[in-house]
Amino acid sequence: MPSSAPAFYVPESAMAIVAHPDDIDFGSAGTLARWAKHGCRISYVLCTSGDVGIAEGGMTKARAIEIREAEQRAAADIVGAQEVIFLREPDGMLQATMELRKKLVREIRRFRPEVVFVMDPTLVWAGDDYINHPDHRAAGLAAVDAVFPAAGQPNLFQELESEGLTAFKPRKVYSQNWRDGDCYVSIDDTIDLKIAALRAHKSQMGDWDPEPRIREWAASRAKGHEMQYAEIFRVVTLESDEDWAKHKGDVTSRNHKAETKPAKPTAKKSHPKAAAKKPAARRAAKRKA
Amino acid sequence: MPSSAPAFYVPESAMAIVAHPDDIDFGSAGTLARWAKHGCRISYVLCTSGDVGIAEGGMTKARAIEIREAEQRAAADIVGAQEVIFLREPDGMLQATMELRKKLVREIRRFRPEVVFVMDPTLVWAGDDYINHPDHRAAGLAAVDAVFPAAGQPNLFQELESEGLTAFKPRKVYSQNWRDGDCYVSIDDTIDLKIAALRAHKSQMGDWDPEPRIREWAASRAKGHEMQYAEIFRVVTLESDEDWAKHKGDVTSRNHKAETKPAKPTAKKSHPKAAAKKPAARRAAKRKA
Amino acid sequence: MPSSAPAFYVPESAMAIVAHPDDIDFGSAGTLARWAKHGCRISYVLCTSGDVGIAEGGMTKARAIEIREAEQRAAADIVGAQEVIFLREPDGMLQATMELRKKLVREIRRFRPEVVFVMDPTLVWAGDDYINHPDHRAAGLAAVDAVFPAAGQPNLFQELESEGLTAFKPRKVYSQNWRDGDCYVSIDDTIDLKIAALRAHKSQMGDWDPEPRIREWAASRAKGHEMQYAEIFRVVTLESDEDWAKHKGDVTSRNHKAETKPAKPTAKKSHPKAAAKKPAARRAAKRKA
Amino acid sequence: MPSSAPAFYVPESAMAIVAHPDDIDFGSAGTLARWAKHGCRISYVLCTSGDVGIAEGGMTKARAIEIREAEQRAAADIVGAQEVIFLREPDGMLQATMELRKKLVREIRRFRPEVVFVMDPTLVWAGDDYINHPDHRAAGLAAVDAVFPAAGQPNLFQELESEGLTAFKPRKVYSQNWRDGDCYVSIDDTIDLKIAALRAHKSQMGDWDPEPRIREWAASRAKGHEMQYAEIFRVVTLESDEDWAKHKGDVTSRNHKAETKPAKPTAKKSHPKAAAKKPAARRAAKRKA
Amino acid sequence: MPSSAPAFYVPESAMAIVAHPDDIDFGSAGTLARWAKHGCRISYVLCTSGDVGIAEGGMTKARAIEIREAEQRAAADIVGAQEVIFLREPDGMLQATMELRKKLVREIRRFRPEVVFVMDPTLVWAGDDYINHPDHRAAGLAAVDAVFPAAGQPNLFQELESEGLTAFKPRKVYSQNWRDGDCYVSIDDTIDLKIAALRAHKSQMGDWDPEPRIREWAASRAKGHEMQYAEIFRVVTLESDEDWAKHKGDVTSRNHKAETKPAKPTAKKSHPKAAAKKPAARRAAKRKA
Amino acid sequence: MPSSAPAFYVPESAMAIVAHPDDIDFGSAGTLARWAKHGCRISYVLCTSGDVGIAEGGMTKARAIEIREAEQRAAADIVGAQEVIFLREPDGMLQATMELRKKLVREIRRFRPEVVFVMDPTLVWAGDDYINHPDHRAAGLAAVDAVFPAAGQPNLFQELESEGLTAFKPRKVYSQNWRDGDCYVSIDDTIDLKIAALRAHKSQMGDWDPEPRIREWAASRAKGHEMQYAEIFRVVTLESDEDWAKHKGDVTSRNHKAETKPAKPTAKKSHPKAAAKKPAARRAAKRKA
């Protein structure tokens, strides 16, 4: 961990929620590796363990799960993630049920990540030679709905309190659809780790060397941004800088503060509910104690 | 009610279908209040009663429902709505089930609104500081699917006939996503009512005064449209002016008319099915008696 | 069947998956008729039999199904389709369940179509006088999710092997939303068949003659493309020309080939997963025997 | 002139700069007539007198000028314009020369219009059956360049001071290209005048009655804006409300004011130079005396 | 010339107006060659003779003109053009002067082409490795302004009557900017001629074989349009089918017709002036005799 | 100058061509200062000396030129530019004449800049409170036309050889319109210099402190790009990396090389002429000796 603060944004903690082993490594591993290098705690949450993704003769789902989870853990080690959680939903048949939402809320309230990475649930058509995998959409939708408002709403999934888990509001969501975004993250220093992490998914790579393709994609995104290699994301900031500084996403603690009046909503708020609901939520939280 | 007809469109009746108490007041209350002033009958249908939205200590869901329904009824009185229907689906966990669709069809067939307001079900990403609430998407999807074709299709939810409810086709759908639209409605005369209605949601407003923000948003939408304050909507006209004039959305009555041939589809129809299906539907209705 | 190869693309087989009788005929019948003329085997899969679509007095769902299936079969004969499959899901209440996905995977693995036509599941708002029918969205989503990756994934719906059905990867998906697309197909030679097929849906047409409207739409799409009449589609190519030539969508046979290394991914691949996953899938299939 | 202030924007004065007789009447006559009714002084500046626009046998350019200027003056009377200025540049061969810019600066400095209407100089391709007339582009470019910064820059065309004309900054520019814009002006009360003004161009109308077409276009623009008929414009505000209230566009007077510091630039300024240059210009003007 | 009419549009005559030798061959030679094969008369008008385009030591402009004009004539022979006109404006310094406009009006009135090809004058930025050549913009602007309204306006450049040239209205303009358009023309049958024509510009090709690149571009444009190779254009129709059938662009003859009333403007007209001006122009022409 | 190569692009030399004193400092001074710090030679070319931009009483144009040139030289010193060239065209009346193009070609051939900064000549409408200054468009158009192809075309402005100036091809063009672009340059290290350079234009700043506004703009552009402050540009690469490495823009030297065949055009070329013309130009240059 470097002694001086880096010039770019590094959250204290991040959680990546995806459908399958290797989704993180294709998607955000470069960014996560960089943040890990600068001290960010990282959690991986995999909705499925990719149990249908090994088609060898005689392969069982149980064995496939064993292999792929091991591969994903190896990849996580390369990237520098602290933990890998497998929800073991059925691969290829993932559905954005209320049950899955609850499982994800549990992980969010437990790990309390500053940033949550999600797959973009709105992507269906994805160019002229790919259709976005239905599991990706399901994982994305469940994750988005878990992040907001469920994880930070004390009265939703309140039964998780019995597990010692209380409401938590992540600060930012990073959504990825491979095609567009408003946030460019340099992975110059970590593209080698990203490639190594991908290679850890041996059952998926076969003879294919991901390096040239990964470098090409990352370079094409970096062009014009003073980066050699980049990953891109759509970023939504759910907690303002000011609120984050004060509460770190904690909801229950807010009512201990002497907040005589809500922070003045700024003119930059793009959506009525974004600003308008905030004071209410804050007030609501305040009264809760 | 004024003696002379207003220069703008005022339907005879309108129903607003939303997820939570206060959604109507943030969204379309200015338009509804204006229409109410000009004699429009108005019904509010709330899928949930916002039971998780009050986070005070010791608050129960039952008590929260009581408070929030009362607030919404007070707001409805300010706006001039005739009725407020609460479906009491679970707040924060609303899902666009077939059961919810049926409940909405029931309300539509009962109240027979000329216009139905819905929340845009396609909105997920909503600017850089808000994600559209999953309940909003669920309420929107259920409402859209209830309006077309279910409410007006005599053979769907036919069991509602036992409640004396027959098929009804709303004339227009007003969809709202806060960001774009093709219909600007002046709320110059009713923005004060909109603000007052919002203030009625005391449990949500806390110390926050909605007035400055509401005026700012409404003014930004009004700019360049000869309005001081506006609300914007996407409008879909499901029944043509001619059909509406003849049938007022009634489906069963159509077969009493001597319709020797279907109305000539006009060149303006933007979608094959829009025009092509209409004669068939009409003919079908005709034969039904 | 002509002796010489046509100058345009004609697949060996195609399957159209839709919600209702007449959806194919409004949508892709011109293209299908043309392909049929050039030897393409064609299968129609109808999720519902349009049982609520005849509103005559005394009409039962059973009788409506009988009438509409007969009409669709007559239309299929005009177009030149080999078979018409009715899944008899409930009309007007279709839902994209995992069960429907499985039924569609069964048909795809059985018929093994080179091309699958689907309705665009992303279309909700469709102009200022139509909302896309919820059944269309449900049929489209189930079809898209059945095509990729389910149909071609040997470990998904593996139980279908007991019916003698093994994994199959369609080569291309043609999606239709009536409004845009990147593939223009001339129906100059078959618009008469399309119109005749539409007329076969007598219970739906009533007094309405589809001819003028159909010609107008098809002509507006053809303008500027050296066609008199056209249908338009969004086309996704899931199997590369090279893979298709070798395997014809067969998955299990792939491991008999001496593939020493995966085909070099080309620079044209638009999506990381499109190219990256291919070698893995191929390898996976290879190991399966 | 009405006793009470209208609810919409009415400038004290407006100048419309166009290429040919009838351009104003096709374009902005509805808006101008409405403003005239509410007391706005209006000046028409025609770069050409349409001398090639009458193709009768034996017609001379001199005679054509006489006819068309009379027609334009008649149309101006109908609309309620105070004056019609003809610059008599060659019709069909108009060029945006520095000389034309100067002529337009002279008219602007003389009439001192709060609003200047211009033709959009950037429009070349204008749909699939029209190319924007080169004279329209030339008149538009000369007008735009005359309005900003020339008219309001005391050191440009300073020789006009010998005619008693000093620098003047118009408050707003209304640009028209018939196709898009951000400002909708209701012409419900004046569409009859617009049609009558068009009919005054007898040499141009021939047997064609402009009424149905004009109503159709104006209605299509009005749809969704609580107007029956509308004209649309792109509006650029060159002088802030505050500056206009203080100076009314006058440049030389500014240095008599005790402006201890420039007005605080607001966050809404979209362009660096828009705000940044303003204080400098103001300061510069101030020092001039 | 084939005995039966082709299934695609072939005008009776066409004129291509460009800046330099080889511009036509890169641009529209495939389309022109196809039309020539079907009997279309074709004229090439080159504003410059590419005199600065040969950089050999000792090369003079006179010699360069000789070489490049010979190359262009050879290319025109390959394509099947009837004539090649060289205006010999200065290469690299072309300007869209009124004099150039007049020269182009002269050629249009003389050759009376049904279709005029122009270079898109609005294109400046053209991708990340090319800026559109200023000569291309100048040739395009002069051509657009010559086509409309100058060539068809009897009172403009009336002095050309002394050369026996009277006003003529081209039916259509085909504009090319290499990047987008609404008209796809198949060059399947003539791409070999296009390549051969390009090769005729020996002084420009050097060692570079245009074939692979030309096939690649033409194929990329053809994709999805039932063509193997295509050229694309933006097409503006200046004379309606009806007017063209009656007058063939002739202006003076129109007044001999007994036109009791102008053709009813259709609802499809996209631009006020497109329809509105037409009757006036027609009437004007009528009165001219 | 740092001992190790920076991680971002720094050209050997750059020339900024603008209309007025202070245009560079509002536009690209942050980028230029950064490059200067890393050893880039920088030339400023100002078409006018801003002679009308000081409106003090008694101010003469001669005195204004003296003041503003001194201010611009001071600003250039702050940024680190080597030279400031004033062409002294008339301020407020700049026109993109062939003479101006020649003057700019002279400067380019003399200074031989790797990168040329231009103002975007296509920008007319620039938000709702600014119209792009006509001088900016004129300077931009003259600069674009000077850069390509004139500066690098040995047979254009050949008379400059008498001044010892030979053809030179700049490698890249950076175009600025303040609103969009594809190249983000960090000015984190030089925004203070940019602000100081702006303050050097004392006659323009008056009481206005540019700092807050400049920081706000630069920050809004930097957001999401791992920069604190940014300037943005559209970048066109006219000489490929390979050609630049070999020739450094020199044209005459190319024929001494043993180029047996032109470099293989890559698939990335976006425009036919971009690649196609290159070999010809190269060959042409080669033959020139």
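A, B, C, D, E and F are the chain letters, set down in written order, and residue numbers restart from 1 in every chain.
The working rule: contacts are C-beta pairs under 8 Å (C-beta built on N, C-alpha and C of every residue); 3 or more make two chains touch, one makes a residue touch a chain.
What you are looking at is a predicted structure, and each value in this text was computed from that prediction instead of being measured.
Peer 1: Can you list every chain that touches subunit D and also touches subunit F?
Peer 2: For subunit D paired with subunit F, the chains in contact with each are E, in label order.
Peer 1: Mind checking subunit B against subunit C and telling me if their interface is mostly the same residue numbers on each side, over half, or mostly different?
Peer 2: Mostly different residues.
Peer 1: I'd like to know which pair from D-F, B-C or A-F copies the C-E interface, where a copy means over half of the contact pairs are the same by residue number.
Peer 2: A-F
Peer 1: So, what's the distance in Å between the C-alpha centres of subunit C and subunit A?
Peer 2: Measuring from centre to centre gives 35 Å for this pair.
Peer 1: From the C-alpha centre of subunit A to that of subunit D, how far is it in Å?
Peer 2: The answer is 54 Å.
Peer 1: Counting in whole Å, what is the centre-to-centre distance of subunit B and subunit D, each centre being its mean C-alpha position?
Peer 2: Those two chain centres are 42 Å apart.
Peer 1: Could you tell me which residues belong to subunit C and also touch two or more other chains?
Peer 2: In subunit C, residues 182, 235, 267 touch at least two other chains, as defined above.
Peer 1: Connecting every touching chain pair, does the picture come out as line, ring, star, complete or other?
Peer 2: Other.
Peer 1: Pairs of chains that touch, anyone?
Peer 2: A-B, A-C, A-F, B-C, B-D, C-E, D-E, D-F, E-F
Peer 1: Along subunit A, where are the residues that touch subunit C in the complex?
Peer 2: 26, 51-57, 59, 61, 64, 92-93, 95, 124-131, 133-134, 178-179, 203-208, 210, 213-214, 216-217
Peer 1: Could you please specify the touching residues of subunit E with respect to subunit C in the complex?
Peer 2: 7-9, 182-186, 188, 223-228, 235
Peer 1: Please output the residues of subunit A touching subunit B within their complex, sorted ascending.
Peer 2: 98, 121-122, 144-145, 147-150, 153-156, 173, 175, 182, 234-238, 240, 251, 260-262, 265, 267-277, 279-289
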